Amino acid sequence: MPEPRTGVFICNCGTNIAKVVDCDAVAEAAMAMPGVVAARSYKYMCSNPGQEMIAQDIADHGLERVVVAACSPRMHEPTFRRAAETAGLNPYLVEMANIREQCSWVHDDSTAATEKAEDMVRAAVMRVARHEPLERLSVDMCPNTLVIGGGIAGLTAALELADAGKLVYLVERQPGLGGNVARVDLTAPYLDSARDMLTDRLTRVVEHRDIDVMVSSELTRLDGFVGNFKAAITVHHDGGSDEERQVDVGSVIVCTGYREFDASRATHLGYGKLPNVITSFEFERMLRLGRIETKEGRLPQYVSVIHCVGSRSEEFHGYCSRVCCMTALKYAHEVKSALPGSYVSDVYVDMHAFGKGCEDFYRRSAEVKTLFLMYGKGEHPVVRKADPSDDCGMLITVDELLSGETIELPADLIILMVGMEPREDAEAVTRLVNISQDKDGWFIESHPKLDPVATTTDGVYIAGACQSPKDIPDSVAQARAAAGRILGKISKGKLEIDAMFAEVDEDRCSGCRMCNEICPYTAIEFDAETRRSQVISALCKACGACVATCPSAAIKAKHFTDEQIFAEIAGVLG
Amino acid sequence: MASDKLQIALYWGSACGGCDVAVLDTDAFILDVAAAADIRLWPIAVDGKYADIEAMEDGELDLAIYNGAVRNSENERIAKLLRAKSKLLVAFGSCAHLGGIPGLANLTSRDEILSTAYLHNPSLEKGSKTLPLPESGVNGTTLTIPSFYKRVYKLDDVVPVDYYVPGCPPAFDQVQAVLEAVVGGDLPAVGSVVGASDRALCDDCARVKSEKRIKHFYRPWQIMIDPDACLLEQGILCAGPVTRSGCGSRCPSSGIPCRGCYGPLDGVVDQGAKLLSAVTSVIDSTDPEEIDRIIDGLPDFAGFAYRFSMPSSLLQRSVGQ
Amino acid sequence: MSRKISIDPITRLEGHGKIEIFLDDDGAVEDCYFQIPELRGFERFVVGRPIEELPRLVTRICGVCPASHHMASAKAVDGCFGGEVAPLAVKLRRMYYNAHYIHSHIAHFYALAAPDFVLGPDADPAIRNVLGVVAKVGLEIGGAVIGSRSKAQEIQRIIGGRSTQDIWCIPGGVAKGLKPEELEQIRPMVADLLEFTQFSLQLFRDVVLANPTYLDIIVNGPYTLDVQNMGLVDENNAPDFYDGQVRVVDFEGKELYRYDAKDYADYVAEHVEPWTYLKFPYLKQRGWKGFKEGIDSSLYCATPLARLNVAERMATPKAQEAYEEMFATIGGHPSRLLLAQHWARLVEMVQNAETLQLYCDDPEITGDAYRVIPQHVTGEGFGIVEAMRGTLTHHYTCDANAICTSANLIVGTTNNNAPIQMVTKKVAQTLIQPGREPDQGILNMIEMAFRAFDPCYSCATHSMPGQMPLRVRVHRGDEVTHEFRRGC
Amino acid sequence: MSFEPKIVGFLCNWCSYTGADLAGTSRIHYAPNVRVIRVMCSARIDPTFVIKALADGADGVLVCGCHPGDCHYSEGNYKTMRRMPLLKRMLADLGIEDERVRLEWVSASEGKRFADIVDDMTERLRELGPSPVKMVLAGDAGER
């Protein structure tokens, strides 16, 4: 049987690929590969002209297969599949060679990289020749949504969906809604009340006919797939009785938020030993109670705010927690207005004031006579109890960067700007909803720039600080974005899912039952009558475990068949 | 020889004779074959003249049945001759089909074989250093014996084969079915395996099967074997799941696990690797150390998994130097 | 300057062989070599395998007598585990082996040997085969022959699950027992077989003994050899095929040795010649003296006739009658008349059939105590049985995990390698005379010499696989004056 | 010119392949000797693939999956964890050196780890030399 007519399209990605890989050489080599009738190198394959070029060549050369050598398929496979589809080619007859993320970006030896790119293209060419046209499955989209977490992000998403008339199940582990925002007094930079922000949302959520709120509750299991999830929720009632609930949802938004860094880990700051060293959240509480005082009940004369506690450090978290700097400035304002005679010092590393209105706010803080002391990243201030002779409770020693001197700073009340970190149950959540964590433990989005709301699991979205430290506006924006994405899907009514499930050839199945225990989704059923096993395609997630296990080669993994992978192996090895 | 009868030759390469016995086991049927055909060559039972075969026109034979593996140049020479003279060439039995048990020699080397047989064994003449030589001078003339290949090959490694009859030996009822098919000219697509099923042995095995989770592998002598339950589920390594059925499941029904003589199913390129994949997948542990302990119960896995198919496996032989 | 004849390959025996005959300038036989061209390497490639698997590996040494290898191997493996075997298993194994003996002897006598007698040594090769025999004796008898061999096979299938390429023995016993309903299936077949052995003896009397030419060939032909005899015997010196002691008597009937399997290496050694892959066993304590006949020769036969020569009696009544009749007819016990092998084979068939019947009547035979689970690995085992074609020795060692570390095999036909060399030469010398060119018929009579041994070269070449053709080339100087070919 | 091994890498889509992509987006450089084949889950990796790669001339085979417990398909990598040890034992019996086949767990965030593994394996294989498979089979073809 002759090899199908194949076109190879090599993307230069500007210079991202071309600067290391000799794309023209790869195109030339491709022309010699089995079945290849057209091979082109072009600046941006994902651009409209690039996609049109592919469509045009499909028409001109009667291409039956298309190979695009460009970025990771995880990036643009849908793009090029669509391009092929517009030209009347089944989208599954397209294969990508990842010569950017896994070649040009990781190698500098141009010869070796070009040779590798050729191998990758050959593998794709030989693989795609064995592809079969597949039809995507059209399944119903359940219009209900599960929102996990009742913080500002969760509340916002829930309202967004419910206001559009869609049913929302809102699950909150705590007895009350509001999350971390409920622990905050005023918000930076406009100093308006967090409580006001929340109260109206909370009341609307609780009263909303399309929001089913479950507090003291947790998700215990999530089965199914996009558009058709089944969620099991345990509701803990007062008095210890538990209620198990099963709900059908089409989408899930994870808004589980963050927890604050445990300041006692930064031993040099004396938290937990010195009573007047407190965390930002403890100070917020003081503010909400309306009285700023030391443990001894005295009004502090010297108030000091220490930044980056747990953040931007080798020792704890490398990342910036994003909200602390502006919150610290907010404290300066609040202290000054409450205790005009007090001295406020701000011990920081860098002042991050990138948000809207933040730079002005920074300037205004300087005006309220806050003493700014800068210390070096990687170093840290040291807090100790003052001597009786001193007129203050504590002393902070800082190697001040701008002056170059070591400064001893008096303090009666020290506020530690504790950073954000993933919640202790974050890992459990990833297992439940089948998403993953990055190296710091934050949930991974499907693409950091182009798709920060979706995850690797279709139908599961993330919003708020569970993805990475965020302030309120960003969390709200992401929550609305997620809701918007979901409403879009719901409005279509049906959705298309990949046709890549496994299939048993019953004429070959011997009923040995090797595969029965293999499937984590219990998608394999043994029919005692016929003594054959079969795959329930709706439950199959196409991992291929049963395919590798089947001793009779009776199970086929669509789009990942043995033949296709063997061809790929032969291909990469030239 | 002018005859409207079917012209048949049976030949053994590197063989044990079991395949010929399997043909004899068709009993009275062999007489029908004799009636319907001229058996032009069958070394175990018929005085055929090799010269006759050489003298034949190409394609003069209707059917040549070759059993045994290809171990030396003589085997290869005859295989090529029969291929030329016969319209159909059938690889008969595990050795011709897959390499068979003699193919286990591919796990060792020619030198090791010679030294074991002629230099190091307890009953050897004291101090004997003699090795058989391809050529040795006697009476001023030279006696020759074929030197054998470095490893064992299956028949289609040296000539194109039309059909494969699996089994060590092929079950006699299957042999009869195949001969009848040939006589009746009723044959499937060239290259097919005939005289066997398209499903694995488990399809025929009467033992009761359920979900598989294996915590322990046992060797057959270590436990009393339940006569009714799946051997694998009892922890007895069995090649049934990766082996074509057609033998009548004789071994498992006698309490002995299948060792795979009927070979892999269509679509399986390496019988041993498939067996490995299947049985390890159902090991009941997620702890690496425990998994190691469990597979300690599977010594010499290569020798079991490739019991009949080493020369037809992807690696074909041990590549150890 | 000598000329050379080779017969290549020998047909109608299991395996392969090649004969080189050297004629002097007058055309008299100067020398004769029987070459075995192959090696399979079993002794090497069973190393590293789990020891309990060997009985299922070594059967592929020979698919014609797989049960012999299976049994010898099973016994050697039992030994590696301390040697304890369920008594019922021993009975079942013996029963199975009796059936195998009958099958094999029928196959040899009717398919391999009978053509020479029933059709005559000089009959047209094209019809000189089992089909020709059937044609001559008639389809009815042909059917009986085929049917009886088939019953013998079926009995093995019923007892041990399979006939060819046996699987059934495991350390300490067998993998399945004999169910009462299976025993009832077997009974009638056994009765038929016993009757068939009597029929075969009668056929031998009618067709062979009644024919002066054949009798003359047997008694006065060149088919004799002055070498010693080897075989397994029970405590009464009656033949035992499955177990017992190895007894060696010289051709005058004097006992030379009587030893247990574990001592085989003190009594037998193997000599190697560069021109054949098959080794030459000899009586170790006498040393290798070359291919020499005589009362002090270190060479011996291990064949059906040798077994009856070694035995002082048969173990069962009908067999005893046949034994007495045979030796009376061929001039006394022990005998050196090699062609009496075929007759001896029939006598052995009778004992096997009778023994088989005794086991059928054993009330315990359908019990379920057919296995004991070995408790420890002792590491070395020896197994000797009488294969149809001679004393078969397996000797294994294994490590603590019961993985085979060494294997040594002395196979039935190998025992007879030297005698076959010698008798072939002797026959050639008698039949190929100066000025009398050899022809097909004479070649066949040479073959008859070793066919009497029913040599099995698939067995004998256990150390090497493949086949080798039988060819006759007559050389005068460098010029080939004649060429004969046999099979391929 | 020194010997440059060819390594075939089988990577699961969700963790290891994403991790390899991350190495790219983070511009972490590593040896160009690996050729990656993407599968949805390491559980799809039939030991046959590994042997096929060796038979087709790979000097080494790298199998990567999600860390135990982190599988996108919850249990897939446990199948891999069970298959690989016996596969390595069997390959040892067939004369394949241990270093040629390697199983590693690489998460979506471990781009650096992936790069280090490839570099390390490449270095070990450089020292070990070319796979015996090609040479031996070629040798047999030359003289049976």
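The first chain written gets the first letter, and so on, giving A, B, C and D; residue counts start at 1 in each chain.
Rule of thumb we're sticking to: a residue touches a chain if its C-beta (ideal position, glycine included) is under 8 Å from a C-beta of that chain, and two chains touch if they have at least 3 such contacts.
Since this is a predicted model, take the numbers as computed values, not measurements.
Simply put, of B-C and B-D, more C-beta pairs touch at B-C. Summarising the inter-chain layout, the chain whose CA centre lies farthest from the centre of chain C is A. Between the Cα centres of chain C and chain D there is a gap of 54 Å. Put simply, the C-alpha centre of chain B and that of chain C have 24 angstrom between them.
One finds 78 Å separating the Cα centroids of chain A and chain C. Centre-to-centre separation of chain B and chain D, using mean CA positions: 33 Å. Multi-chain contact residues, meaning those touching two or more other chains, occur in chain A at positions 518, 545, 548-549, 562, 566. Looking at chain D, one finds that residues 43, 46-48, 52, 79, 83, 93 touch two or more other chains. Residue positions of chain C touching 2 or more other chains: 48.
Annotation, chain-chain contacts: A-B, A-D, B-C, B-D (touch as defined at the top). Partner chain B is touched in their complex by these residues of chain C: 1-2, 4, 9, 11-16, 18, 20, 22, 30-31, 33, 35-41, 43-50, 52-53, 56-57, 59-64, 66, 81, 107, 111-112, 125-126, 128-131, 134, 139, 142-143, 146-147, 149-150, 153, 157, 160-165, 167-168, 170-172, 175-176, 264-265, 268-277, 279, 281, 288, 371, 373-374, 393, 395, 401-403, 406, 408, 410, 456, 458, 463-469, 471, 475, 485-488.
Per the touch definition, chain B reaches chain D in the complex via residues 73, 76, 107, 149-151, 153, 268-270, 272-274, 276-277, 280-281, 283, 285-286, 288, 291-292, 295, 298, 300-303, 305, 313-321. Those residues of chain B that touch chain C in the complex are listed here as 11-22, 24-25, 27-28, 30-31, 34, 39, 41, 43-51, 53, 68-69, 71-72, 74-75, 78, 100-102, 104-105, 107-108, 112-114, 116-118, 121-126, 128, 130-133, 136, 138-141, 143, 145-146, 148, 152, 168-169, 219-225, 227, 250-251, 253-256, 259, 261, 299-300, 303-304.
Residues of chain D touching chain A in their complex: 4, 6, 8, 13-15, 17-18, 20-21, 23-25, 27-30, 32, 35-41, 43-49, 52-53, 56-58, 69-70, 72-76, 79, 83, 107-110, 115. Chain D contributes residues 43, 46-48, 50-52, 54-55, 68, 78-79, 81-83, 85-87, 89-90, 93-96, 131-133, 136-137, 139-140, 143-144 to its touches with chain B in the complex.
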